[in-house]
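The structure under discussion appears below in the form of structure tokens.
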């Protein structure tokens, strides 16, 4: 079995056409720049400087507050019980479970909570979260979710790609835990659930993957592209930690 | 020239298919109940008790604060310059021009500002404006505008219908000014501009009047129907002034 | 030990001065009308007609969707991690735990999910939730939380009062489970946590219970009073089920 | 008469203690860095490179869309008629009057509308407007207005300072129109009205300039400081036009 085929099997998002896969294909260059960013490559081969990863971890912590606010906004904007519940579980999971894990993980990398709370959001960080929140307030639930997909579904794709890529170093890679978390079964399942959430909301809002003539695709693509570019800039920020 | 033909000429909204006319036709029973409400009929033949009209005027004043907030929300939710400008002109017009006219008109009916500020919003009033505002926050610009159309476009249709209806009493009707305002050229033009605004936003949001299969029509109709029913309840409230 | 003293012991909210207790005392008549409403009395002595309670349960289910949206808005509007987490736990608890319990409880009262989803929000219901959501959007986190307290803290007080009132019938009372739930330890603790949440946010927003001269107390009281009156109307609605 | 005294006379904002002057004094270093930015100095002596000013003008045009949305949000968040009207007049003024003037002014500097609409918001631009909008959604009307003051009141102070500064070159300065607009009577009056608007809202929200112990001052100062720093970065951006 060659690596191409194995990749398809390991990569759930590529299995069928979804709103996410449609947007990803429509913005393939921006997507590739994000998914295969130098930061990701250096995570994969373990060459990423420690201070870059630490900077990334701190910014991700600051990011998660506003990311949670965005999912809370998704609850607020939900009209159907399944959407309310789906979004609500994200909000609680992030704030009352994953954030604690993240703080623990930061501790393993020598970052303590005092440091976490004393750092400022970087521009790349602030630009992305406030963009997502503004999309959510300006538009509807679909606009909000699309702005979130490059993060929630992109990380799953990156994890999956890294795990299935023979160039990835696992043994002795200081970033092994990061790779195995995001490539792992639980994270992949979460991504599929999110993708289905997006598809369900899209359908109710009149967007069908079988109808490419709908004029709203234009703004959805623009939204997806902008959010994807902002994710790339988040990686870029990671490569440039502030000198202390 | 028979009255049917005259009606068509005087009634711009009926001339062509718009998002508004599509929704109106889809909710024709609810629409008819609103447009031909007993309150409207009594405006037309001049038989409406004075205290009912006074109650209506007071509630309309209280209504206009939140109605203006809804148009302000439309500015906030606009992404294109033409939409921003269109909505902005409504906000200023209502708060800094029409409200003063309304206060003057109330004075002619023996209602002074002290009274205006001491009255409470009636349930029917509060239910409608808060519904519109919640639609606007939950959904996108189109959802917000659709919730507003039964008011902005319905009043124009009522005015036009009353003016062209031979049963309407003009001379000696104490409500003549109301009828002539809402049936008049300026108000009809404003309604056409609003209808075009809705059509433009709908198109950008992927809703075409030529594609009835779009699943979002369902929620748009539900929204339009709810707002229309709330307008009927506003008339109903007018018929039942509080006893003092 | 007389019942007065026992009442004080059982009634945690009365133990010390809080923002909630200050507002409750400032609106004591409206508060008493809500807490001692005929609906509550009939819960206590078991005389409430079954169809009234069923109507109430159905409306409470419809209420809980928008109540959860209000807590989601509290997450969105939180700037501090403790507030984010506190509000987030409410959102998930309500949507992914309590709602299921409520549906089970409804089933015990002969109401199935099909019925739940086919009922319309009553006016009293819709007026209250949309009021809370509009307060939250118009004001800050404190305005939002104050509009929620008559529900979250009032139900705890009602449960506690009923449990400690010798006139309350426990054995054989069909509403025993309701009384024991809301008067029980877990619910009382939840109310105390909510009260502390309100106090913490109030302090950050410049409201101190030791400074009664702050001009913002006026709008906070108005807000609390309106929300309390809307809770009374919710009970009133319960006493008047629609005839089918 | 020395220049110090003349300055006081020409500078209305300094005449009495306001919420704005209190915040400005509390953030005096950040404020000075903004008011006396190199970009401002080069406007004053006419040495600013043309391409810097053109870049600034284009970004200001893009800025004004979201700045208008922020004032629309102020309408939405207003509870009192005077606030509704004050904010509404800003929205309409900006979108339907000042924007046209700005487009004309851009034309004089060789920038046409096609260029205006093809440019992207710079980071410094986007960071500021989205910050203001997020403050407005997270907080109350006062939080929103405070985030706007460094722009609306700062530009008036800069204009006034430049006009009264003997180092300013008027005759032959290509930026003379800019200086005379912002230092002129109409703009100064507009700033005073805005400052009074802030004071009125602050008072209703429980903030008194005579009570420095109110804990909310802390977040108001933080807000003001952040917005002021973002204004400095807007100038900084102006100094670094993209190479084409």
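A, B, C and D label the chains in the order they appear, each numbered from 1.
Following the convention adopted for this analysis, contacts are C-beta pairs under 8 Å (C-beta built on N, C-alpha and C of every residue); 3 or more make two chains touch, one makes a residue touch a chain.
Everything numeric here is computed off the predicted structure, so don't read it as measured data.
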{"item": "Set of chains adjacent to subunit A and to subunit D", "value": "B, C"}
{"item": "Relative orientation of copies subunit B and subunit C, as a Cα rotation angle in degrees, nearest 5", "value": "180"}
{"item": "Distance-maximising chain from subunit A - centres being C-alpha averages", "value": "B"}
{"item": "Shared interface numbering between subunit C and subunit A [over half = same, under half = different]", "value": "same"}
{"item": "Whole-Å gap separating subunit A and subunit C, where each centre is the average of the chain's CA atoms", "value": "37"}
{"item": "Between subunit C and subunit D, centroid-to-centroid distance (C-alpha), Å", "value": "44"}
{"item": "Per-residue multi-chain contacts in subunit C, two or more chains", "value": "76, 137"}
{"item": "Interfacial residue positions of subunit B with respect to subunit A in the complex", "value": "76-77, 79, 137-141, 143, 203-208, 214-217, 219"}
{"item": "Contact set on subunit D toward subunit A in their complex", "value": "123, 126-127, 130-131, 133-134, 137"}
{"item": "Contact set on subunit A toward subunit C in their complex", "value": "65, 68-69, 72-73, 75-76, 78, 81, 84-85, 87-89, 91-92, 94-96"}
